[in-house]
Amino acid sequence: MTTAKLLLHCPDTPGILADVTNFITVNKGNIIYLDQYVDHVENIFFMRIEWELKDFFIPKEKIYEYIDTLYAQKYSMSFRLYFSDDKPRMAIFVSKMSHCLFDMLARYTAGEWNVEIPLIISNHPDLKHVADRFSIPFCLFPVTKETKAEQEAKELELLAEHKVNFIVLARYMQVISEKMIEAYPNRIINIHHSFLPAFVGAKPYHAAFERGVKIIGATSHYVTTELDAGPIIEQDVVRITHKDTITDLVNKGKDLEKIVLSRAVQKHIERKILAYKNKTVIFS
Amino acid sequence: MTTAKLLLHCPDTPGILADVTNFITVNKGNIIYLDQYVDHVENIFFMRIEWELKDFFIPKEKIYEYIDTLYAQKYSMSFRLYFSDDKPRMAIFVSKMSHCLFDMLARYTAGEWNVEIPLIISNHPDLKHVADRFSIPFCLFPVTKETKAEQEAKELELLAEHKVNFIVLARYMQVISEKMIEAYPNRIINIHHSFLPAFVGAKPYHAAFERGVKIIGATSHYVTTELDAGPIIEQDVVRITHKDTITDLVNKGKDLEKIVLSRAVQKHIERKILAYKNKTVIFS
Amino acid sequence: MTTAKLLLHCPDTPGILADVTNFITVNKGNIIYLDQYVDHVENIFFMRIEWELKDFFIPKEKIYEYIDTLYAQKYSMSFRLYFSDDKPRMAIFVSKMSHCLFDMLARYTAGEWNVEIPLIISNHPDLKHVADRFSIPFCLFPVTKETKAEQEAKELELLAEHKVNFIVLARYMQVISEKMIEAYPNRIINIHHSFLPAFVGAKPYHAAFERGVKIIGATSHYVTTELDAGPIIEQDVVRITHKDTITDLVNKGKDLEKIVLSRAVQKHIERKILAYKNKTVIFS
Amino acid sequence: MTTAKLLLHCPDTPGILADVTNFITVNKGNIIYLDQYVDHVENIFFMRIEWELKDFFIPKEKIYEYIDTLYAQKYSMSFRLYFSDDKPRMAIFVSKMSHCLFDMLARYTAGEWNVEIPLIISNHPDLKHVADRFSIPFCLFPVTKETKAEQEAKELELLAEHKVNFIVLARYMQVISEKMIEAYPNRIINIHHSFLPAFVGAKPYHAAFERGVKIIGATSHYVTTELDAGPIIEQDVVRITHKDTITDLVNKGKDLEKIVLSRAVQKHIERKILAYKNKTVIFS
């Protein structure tokens, strides 16, 4: 059963919720999901609504236009519209560590995610064997300071060619350039191996060990031009003790990283995230 | 600023959300909170909505009648209506352990909870000193098998006299009779010192120790006639190891119990819980 | 650097710790790990000690004999001795769900575990493709009520042939017979998809949904003849809400199951678990 | 039954564990607790050992001297010796928030902690009523920039007079001067309302809200001259969502703060913490 998913935000105004739900109901759309939230500090109304298209009066290809005409200007509304039968296309970027990549490919292969993975991009050859096991094209783009701009340009071309909608950095150990970030705004998901904003940057487990924390974490977030400072999607933590060496932290952290990243990717695939300013609204 | 809080559930019907929000908006009620949920298994619509009464056209004392007339029959709706300036009145039942009682009285004294606590009832004299420290009447009703019915009757009288709306069993070590449960349906909150449905009944920490679990828990729930089987409101857990003795479990458990119970009581005071069949909908 | 790992338990007696550590130190073994624990209820002393063999006076193949002669009788001691260069051999049993299998094979392939996996056994053909991706022999033993005993006998033969030391049931949906349990005492690790002892048996997520719990869990344990009642190795939980359907519980549970099972398997591989009566001592 | 508790650390040397346990056993001390740990990075041996004094050959008042003579120099050992019948004396510093104070006094009154609380010190009069409820002297020292040094001098005098062994800052909103820190090295426990090292300094909940984190935390640590940078004793976290306002964070945080602080204080009272450089070893 095909559904439409509408995500929107606009200044909070009385009547908007009634107006939109009315529009769908009157036109014989069966609402199967609705979640809304008002940010009373910013005075912004956020909503995610999903309805079945079976008996809906308005043809699928006209819905965007209708919402745009009827509501976008009236409410100064930003909105995105998706359909359940459009599979998003996701590229995975990796370097040398396989745990996040394996975790995502296992879910993909088991059919847990409504997504296509047309290619895996890497700056190192180490994980080609993983891509091979799952029969996904592995594209190697070694990067040096000198070749970085050129290689990224080629990557962007390749991504466009494969109609990639969003990118997952699965422990990809390269800073993404502004150009790529602009091409995929709030559509590049990174996993940082610390509980942000603690331990920004390189070697967070070493830093956590030095500081003597009793809990370590992992954070998935959208990539923005400021390093490790984009909108946070998901975080989780695990307890450690004085007995844990840096190697122990790295190993415990891997389990966190893969779960936290996969949860974020899943929310993104399900169209349950709305980024606003530097935060995310995660619909339940 | 006085607000009205409406909690309702009814068979899921297209248009109900639009209908109710429309009603409030059209009558100049400023909606400051809305959360809804559809149980697609039972096909039931649940909603909690809160709005400011300042400019609302319908006088406060007429609102119940209007909702009843306009919607209750139309949608086969059950609903409850509260006003933010009505403080609920809560009685606490205790026996000999003080941790939950102290925790609630500390919150009460700090003004964290919008509640009145007119009295504390106990079957043992041990915690009178706690009630005294907070200047709350302490009513002793020693219970034996022979006197139980009689004592509970007196308690019910006293509760009615003090216009008590709901009861919190803060490690009260007596089974509540059917009569009292019927007088306070889904309005008696208990804390059970295990992760229900594991370790129902007496001495759950001993049972957890015997079984060698690696995590213990606590559960707050509404009391029904079946022991430890009522609708669960809140649960939490804490990790233990083989090194923990039963005494350690009891001590770690106390921290869980008080936090889990207080969270449940707070949700109840805020009118954020809707019990349906043997489960709870907890509005966020 | 090869190390010896000694795990022992015996009635608690003054001097035993000093005696054993002395023995190793005097013979020029460099102790790199020591953890001990006294169960004051059962009055049992447990210890795990690991030392480097480089300068150790006693030849590797004589160590077992020396400990046996010097201490076993003196202290009524049970002990197990392992060497770091002996890789344990592990068989994985699966049915139709791939998440735990993928998780373990990803770790194995990444070299995280000091283990050999000579074969995967299944009662269904569904996961052959997973075994193939990792080039591990997949042995199909379809089981009906009538063929069960016969098939298990063949499995046992195959396990012996491959010198399998321990078995992991990665969501293997068959009750293991007494005969196999006796062949691998405290050496069959199961993952149960509930927070034991809650929801023993089949369909625990359905039962959790029915009961309306607010947290679900997973439990790894050694298999004994009583269903889901063996010594617990590891447990973990995740929060759910009234909005989660049974499908949501299953999906959230999968992440728990694979992490909880892999943690248990890792502890087993590292020789950090000592089962005693129906509990486990997990050395840190 | 009186026990001695010995905490020590020294460069790791073969034989030290055997040597010390031998000493106690030979002199008829019944060891009831032993936990040790080797930091292989710093090459330091840490141990906590507790034994019954009933039949111990060496008189209580001579034990310190014996250990000092026999082992301190031999192993370049630092050690502390406590007896179970010496109750430590703890002062609580507060400002205006009562949750941590109530939590500790509830435990104290219930007899959970082996400690004396001779006085509560505050820079504000607000919480005098709490001290009064528990009949503990409340000493008011209002602090301005001008009077700070003078007031702290008076506080130090008062603390000395009351033979205070350690200080707990229960949301005390004043930076402690170097002089007081030197008087109580690793004996001033603070609770910081964030997951350190994230959000050091003032208003961490506001900062967490601004950053859009999905989890908040609390950290108890020993106070050193660098703000919020001392050895961490205990941390814990709680999940939040985009729906949580700053007020919600503050309220959820309060529960964390009091539990995290009380756990740290309890470990300190039980003599289970050894601070080394800028970290803590927490014996189990």
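Order of writing sets the chain letters: A, B, C and D. Residues in each chain are counted from 1.
Operating definition for what follows: contacts are C-beta pairs under 8 Å (C-beta built on N, C-alpha and C of every residue); 3 or more make two chains touch, one makes a residue touch a chain.
Remember, predicted model here, so these are calculated numbers, not experimental data.
*Asks:* More C-beta pairs touching across which pair, A-B or A-D?
*Replies:* When the contacts at A-B and A-D are counted, A-D has more.
*Asks:* Just grab the chain with the largest centre-to-centre distance to chain B, centres being mean Cα coordinates.
*Replies:* Result for max centroid distance from chain B is chain C.
*Asks:* Based only on mean CA positions, could you tell me how far chain A sits from chain D in angstrom?
*Replies:* 42
*Asks:* Taking each chain's centre as its mean C-alpha position, how far apart are chain A and chain B in Å?
*Replies:* The computed centroid separation for chain A versus chain B comes out at 38 Å.
*Asks:* Multi-chain contacts only, two chains or more: what residues does chain B have there?
*Replies:* 40, 241, 243, 284
*Asks:* State the interface residues of chain D toward chain C in the complex, per the touch definition above.
*Replies:* 14-15, 17-18, 21-22, 25, 30-34, 36, 38, 40, 239, 284
*Asks:* Applying the document's contact rule, which stretches of chain A touch chain D when the two form their complex?
*Replies:* 37, 39-41, 195-199, 211-215, 217, 231-237, 241-243, 245, 278-282
*Asks:* Give every residue of chain A touching chain C within the complex, in rising order.
*Replies:* The contact residues of chain A facing chain C are 98-99, 102-103, 106-107, 109-110, 112, 130, 133-134, 241, 243, 251, 255, 259, 262-263, 284.
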